[in-house]
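Next come two complexes, and both contain subunit A; in the first it sits with subunit B, in the second with subunit C.
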Partner chain A sequence: MNSIKLKRQSWNIGIILIALFLGSWQVSRLPVFGSYEARTFLLGILPIALLSMGQAIIIIGGGINLAIGAESVLINCLAARFMVDKSFTVAVALTIFFLLISVLVGALTGLIISKSKIADIIVTLATSFILIGLAMYIQPSPGGGMNLTLAHLISGKDSAFLPPLITLILPLIVIWLPLYRSRTGIAMFAIGSNKDSAFLSGVNVDRTRIKLYAIGGLFAGISGIALTAITLSGSPFASISNTATLNSVAGAVLGGVALSGGVGGLTGPALAALILYFIPTILLNYGIDPAYSQIITGALTIFVVLVGGLIRNRGKKK
Partner chain B sequence: MNKKALLKISNLAKSYGSVVALRDANFEVLPGEIHALLGANGAGKSTLVKILTGVISSDQGVIEVNGTPVKFTSPDNARKGGVAPVFQDPALIPDISIQRNLHLTGTNKNRFLKEIAQMGLTVDLNKLASEIELPLLRMIDLARALSHDPDLLILDEITAALPVDMAQKVISIMGQYKAQGKSVIFISHRLAEIEEICDRATVLRDGINVDTFDAAAGSEERIVASMLGDKNVSAKEHNQRSNKSENDILLKVEGLAGGKHLKSVSFEIHKGEVLGVAALEGQGQDLLFEILAGESKPSDGKIFINNNEVHFNHPDDAIKYGISYVPGDRKTALMPQRSIRENLALTRFRGLRNWGKINFRDEDSKVDGAIESLEIDTRAKSQVKRLSGGNQQKVTIGRWVTTGFDLLLCFDPTRGIDVGTKAQIYALIEKFANEGMAVLLFTSELREIQLACDRAIVLYEGKVQADLEYDNCDEASLLNAAHGLVGA
Partner chain C sequence: MKLSNKRSTAIFAAVSVVSLMVTMAGVVTPANAAATYKIGVSNNWAGNAWREEMVCAIKAEATLSGKVAKVTVLSRNTDSAGQSADVRSLITQGVNAIIINSGDSSANNPAIAEAVAAGIKVIAVDNSITAPNTTLVSNDQVAYGAAGAEALAKAMNYKGNILYMRGISGAGADTDRNTGFRSVIKKYPNLHVTKEVFTGWDWTKGGQLANQLLAPGKFQGVWTSGIDYPVVQAMQTRLKGKYIPVVGADNNKFVGMTASLASKGFVGIIVPNPAIVGGAALKVAIDALDGKSVAAKNLLHPVALTYAKNKALIDSLYFAAQDANFSSTVALKGYTTFTPAQLFRCRAPQDDPETTS
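Presenting the complex of A and B:
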């Protein structure tokens, strides 16, 4: 790996170091650390890590999706409502169907933004209300469930930590890697970096944006399904969706995605979700007031982004 | 000329709202021809290029390529149709590597590297576009366009951002390209380049093609005349000011150094003097200006104003000492979405008290005065970004006119500006000097030195290579010094 590439990976390396540090701290506090505890970790971060990755794709492409939490909650409610007491095969078919819906919702959002030329932040704020409304209509109160075999396949059971790990990593390998290498992937960085230059280079800006929102929607859908498998219920609350959306932005930014677009990857946001999870857990273990843990999380986010930004800017100056 | 036209444009028109950018453009480009497209700022050249390359669509008119009517819907589409452009602004995506940039346009990597090698350059494909300096980026843009083997290459002011040696390289590439039977549309404000390489020239004025003729040596006057129409602005003889006295040193710089390129620069500038700065690309001139404007800090050296040593920590400090900076990149100086008025009045806020009310009546009269004295075209006054490049440049200078200054730093103020506007800017600079202000003027076009300056320094390898009196500032001497061949 030459120095240029190393410098570009510096953010990821930093995030890995912070995550390792916090992780070993947390592990050292536990009386035992085995596969059961590992699974608990993974379940704690899985939905938000997936959501951060989806958000990251959209932010790299120069947009932002404030409805990504609502998309996830909608799929969560759909899954919990319709998958309860269904056989495994039906549940799998429904999963695929719901993931298609999440792709469609994302694509539709991207279409509205592209055609209306209204800012992403406004359109997605509006769609978040619509999607939460739909979720509440589908699942008026918390409840529902999921076929247990499928749930265990997604989120594991007892000390089986491999299934949630696979659910976390598989989208990275199956969706992100091919995307990164494809023309759409380059177009994603291009429209986020400079829309006009991208257009002059022959990128179809509208179509790329729609694709990115669709892929972001897919990640939100996977997150929603994972949430259903973990909680075995659907919760139609705006507060959940709003917190999830904000955390997804925090995860993306902490993971090295520039809010201005054009810079970043998905590994960082996935790891950042780990950090966002560790901080409150560790502080809770020490018996520290949750209010402080919020403050510390916020301060750390600013610190990491500040240091990372400084390093990045120094690299850019001739 | 009975050859069949490669490109034929008839009755092309385009309006943006009430602003007519292109009224009725007609011309032909023959195979194996280098065709210059000329015109004052706002004459419609850029609009025409954008239509030809599918960036925007025309309101009416026909484009024919090899006799077949075409309508390009995107730059990609145009590229596949054999028309490859190099736009005025770099079209490479800043945040991704050159390799991925090539991938984006479907450019063959080996072919690209071959083109780059033929230019005598080297490019690290793993570098991000934002890590590469502008002149090289322009050459990469050109190499990428050439790799697509277009029948028609469109170069929109590519030489404006290039130092003399690279501009010369572009011209020889165009010559080779023509020898292969391919055609080029070449847009440039440097008339010497037009005469050197172009076969024919078409002049646009107010969105209409007013003249097409053979471009040969001596056609300069015809070009200028048809570009300006009845406006009588010939580049007038420079009258040297004699009232300069040795005691009135306004700014003195000693051993200024900084960054990679600026080694040790010393010079002085008198009140009422226009000092030219000439240099090839990358001799530290940009940093010199940034340091004097308080934007960057020197690693070594001293700055004196009226014989007192000063230190700048912030552009505000420089402004307090009466130094105003007009940067080379108009886009960094302007607030593109705001009106001409607000852009002109921006620097006046210094005269306001915090929370005080803005005296609009006073502002109006000052701003109107500036607009009038600079002859800014106010048709699109509500947003500066809709103005043509020359008018934008006038706004960046004009804002300092409304506030006043002792020393004006102008970094390549006439880059990409038509002859008429250039003459206006020279006149403005001369007016400043006559009023006792000093101007430090960097220009990438060497003949400007004698048109606008009283004296010139030439930078080479971060040092002052030559300090030339007016009579010695001819292009040849400047060029020699800029290549480090004489002086010091």
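Presenting the complex of A and C:
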């Protein structure tokens, strides 16, 4: 138990070191670095960090959600369409309502997977198309908006970098820590490690999976709301959801979540989003073709999957 | 135990993120205090020939102007959150003007408003944005749709079925072109759009669609939103060389086909959508920085070209050494001053004149 914990800690520390290294590299290229630049960093990582966390929960539970980007885009479009020109109170109420919808969409996805016994990857691929279609129906072209007071509360204004930092960390404390402590949290690691053993040990596999997809959906919903606050608009494009989904998987994997399930946490994926943000930004500032950043991100993901798998296999043999 | 361990990790992480961001404040690299302008470019679609040429036009015109010290190009495939970050990054780097080809008409507005508030001139190129106090330099896309439709209607003798191949649903240019196209087509009761598809401005997808849809006698004309030459290629196989009129853009290969296949009965209708509109945007940016009054909207007015009417011009637009999807318009009167060779060199003012090719 202790060595596993140590290993997980060391992974987080490793990610922090890489993020610090890349961060200071990027900062050294800037003429100034103050709270405005800190906010720029945070706004750059916020949607993808939240999405990576949602994806991480689902992957830890042995699944994968290829519709998580589409869930985020759907909530983004819903929020931008219906929150434009609304008062602060109405906007907050709508935010809560849309987050409930995101939980519902996630739970429904989990339910379909559980009842149909079809692989996660197939079901979520299909729902991603449906959700993007819905998003396009709700917001046919880019536009909409959000109450400015609420937007500034979520994403800050000018140099206020604390609001986005709180938006990033609060879900970690309010959602992840209680989940991790709870019975569902233990069941999550159990079904991710071995579904059959978990079932034989009395874990309700289907219900746990539905819960995990619901919580993953909640993170996607927060990500969508954050995106609305950052951009003050909704964009119903499949390309956005596809990139977001792929980055969420990369973020989860870089953050120490094993694709085979049952291993990982949420702090890692949140930090990994920083790395995913810094790589293209640094290359861009050096005038290097940004396509290379995708190669680096991809190579890094494969490398982490390989090395992580090797380490875990060696651990098992011992 | 578990909890405290986990919580300490979370707190440690939070603290390191904050410290990363705060402690490094004050790392200052002094900028070169030259009296000339710094121009930032934000482009949300990299690896696309049209966009690359647009960026080269900005660099080439900036070099020739003699007033620009540096052109910083942030060009990558990204969503609006990423492009907003790029705009903010340009603000931090202290540019005087930002030329932005925005992937979204409104999603970058908060970042753009911050740039405007910082006294930076913001020029939207190609794709319009809704942010106030910005300047637009672009092709008139409504006129683009209308000019091609009018020429197509004439080439079809005002009757028959049209295959209507649009760009990306929801994209500003696509919506505008559709407005122009529809306004012309509805004037002619015998013209019918019998099939409407979206190519996503993707050459492969456009070619696949053309191969699936083109059948002898089914259509009498094709309007494309710029994905043109794969349609002509599809006609060679699917229609066995019985060509029907196609509306395309000033893509190099389409220009070449319009000229070379004219003798075989092919009517290509070229409606230019110049990538070097980037050069025009740079000119407008410098005018704005010089304190000259600049119109809020600077539109290029596209005219449809056919080989029967504009033979010499079309011949001059074909560049054998360039790629198939190179945008062949290499000069915009009143805006650009570079020669084709200078455009192809793609040199920014800060680049070493010896090494850059």
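Basically, the second predicted complex is superposed on the first by the 298 of 318 C-alpha atoms of A that agree within 3 Å, B and C clash if a C-alpha of one lies under 4 Å from a C-alpha of the other, contacts with A are read in each partner's own complex, and residues count from 1 in each chain.
As a convention for this text, contacts are C-beta pairs under 8 Å (C-beta built on N, C-alpha and C of every residue); 3 or more make two chains touch, one makes a residue touch a chain.
Here the structure is a predicted model, which is why all the values come from computation and not from measurement.
**Student:** Since both structures carry subunit A, what do subunit B and subunit C do when superposed there: clash or fit?
**Tutor:** By the criteria stated at the top, subunit C and subunit B fit after superposition, with no clash.
**Student:** With both complexes overlaid on chain A, does A:Thr297 touch subunit B (first), subunit C (second), both or neither?
**Tutor:** In the superposed model, A:Thr297 contacts neither subunit B nor subunit C.
**Student:** Does subunit A have more residues touched by subunit B or by subunit C?
**Tutor:** C
**Student:** Using the superposition on chain A described above, determine whether A:Ser193 touches subunit B (first), subunit C (second), both, or neither.
**Tutor:** Touch partner of A:Ser193: subunit B, not subunit C.
**Student:** In the overlaid three-chain picture, which partner chain does A:Ser235 touch, first (subunit B) or second (subunit C), both, or neither?
**Tutor:** Touch partner of A:Ser235: subunit C, not subunit B.
**Student:** State whether A:Val263 touches subunit B only (first), subunit C only (second), both chains, or neither.
**Tutor:** After superposing on A, A:Val263 lies in contact with subunit B but is clear of subunit C.
**Student:** Examine A:Ser114 and indicate which partner it touches, taking first as subunit B and second as subunit C; both and neither are also allowed.
**Tutor:** It touches nothing on subunit B or subunit C.
**Student:** Could you give the angle made at the Cα centre of subunit A by the lines to the Cα centres of subunit B and subunit C, to the nearest 10°?
**Tutor:** 130
**Student:** Once chain A of both complexes is superposed, is A:Thr184 in touch with subunit B (first), subunit C (second), both, or neither?
**Tutor:** Neither: A:Thr184 stays clear of subunit B and subunit C.
**Student:** Contacts for A:Val203 in the overlay, against subunit B (first) and subunit C (second): which applies, first, second, both or neither?
**Tutor:** Touch partner of A:Val203: subunit B, not subunit C.
**Student:** With the superposition applied, I'd like the minimum CA-CA separation between subunit B and subunit C in Å.
**Tutor:** 9
**Student:** Which subunit A residues come up in both lists, the one for subunit B and the one for subunit C?
**Tutor:** 5
**Student:** Which residues of subunit C touch subunit A in the complex?
**Tutor:** Touch list, subunit C to subunit A: 2-3, 5-7, 9-10, 12-14, 16-18, 20-22, 24-31, 46-47, 73-82, 84-86, 88-89, 91-94, 104-110, 114, 169-170, 172, 175.
**Student:** Can you list the residues on subunit B that touch subunit A in the complex?
**Tutor:** 55, 74-77, 79, 85, 87, 89-96, 100-101, 103-106, 124, 126-127, 130-131, 133, 259-260
**Student:** Residue numbers of subunit A touching subunit B in their complex, please.
**Tutor:** Touching subunit B: residues 2, 4-5, 183, 186-187, 189-190, 192-194, 196-204, 262-263, 315-316, 318 of subunit A.
**Student:** Under the stated contact criterion, what part of subunit A meets subunit C in this complex?
**Tutor:** Answer in residue numbers: 5, 9, 12, 16, 19-20, 23-24, 27-38, 40-44, 46-48, 136, 140-145, 151, 158, 161, 165, 169, 172-173, 177, 180-181, 227, 230-233, 235-237, 239-240, 243-244, 265, 267, 270-271, 274, 277, 280-281, 284-285, 287, 289-291, 293-294.
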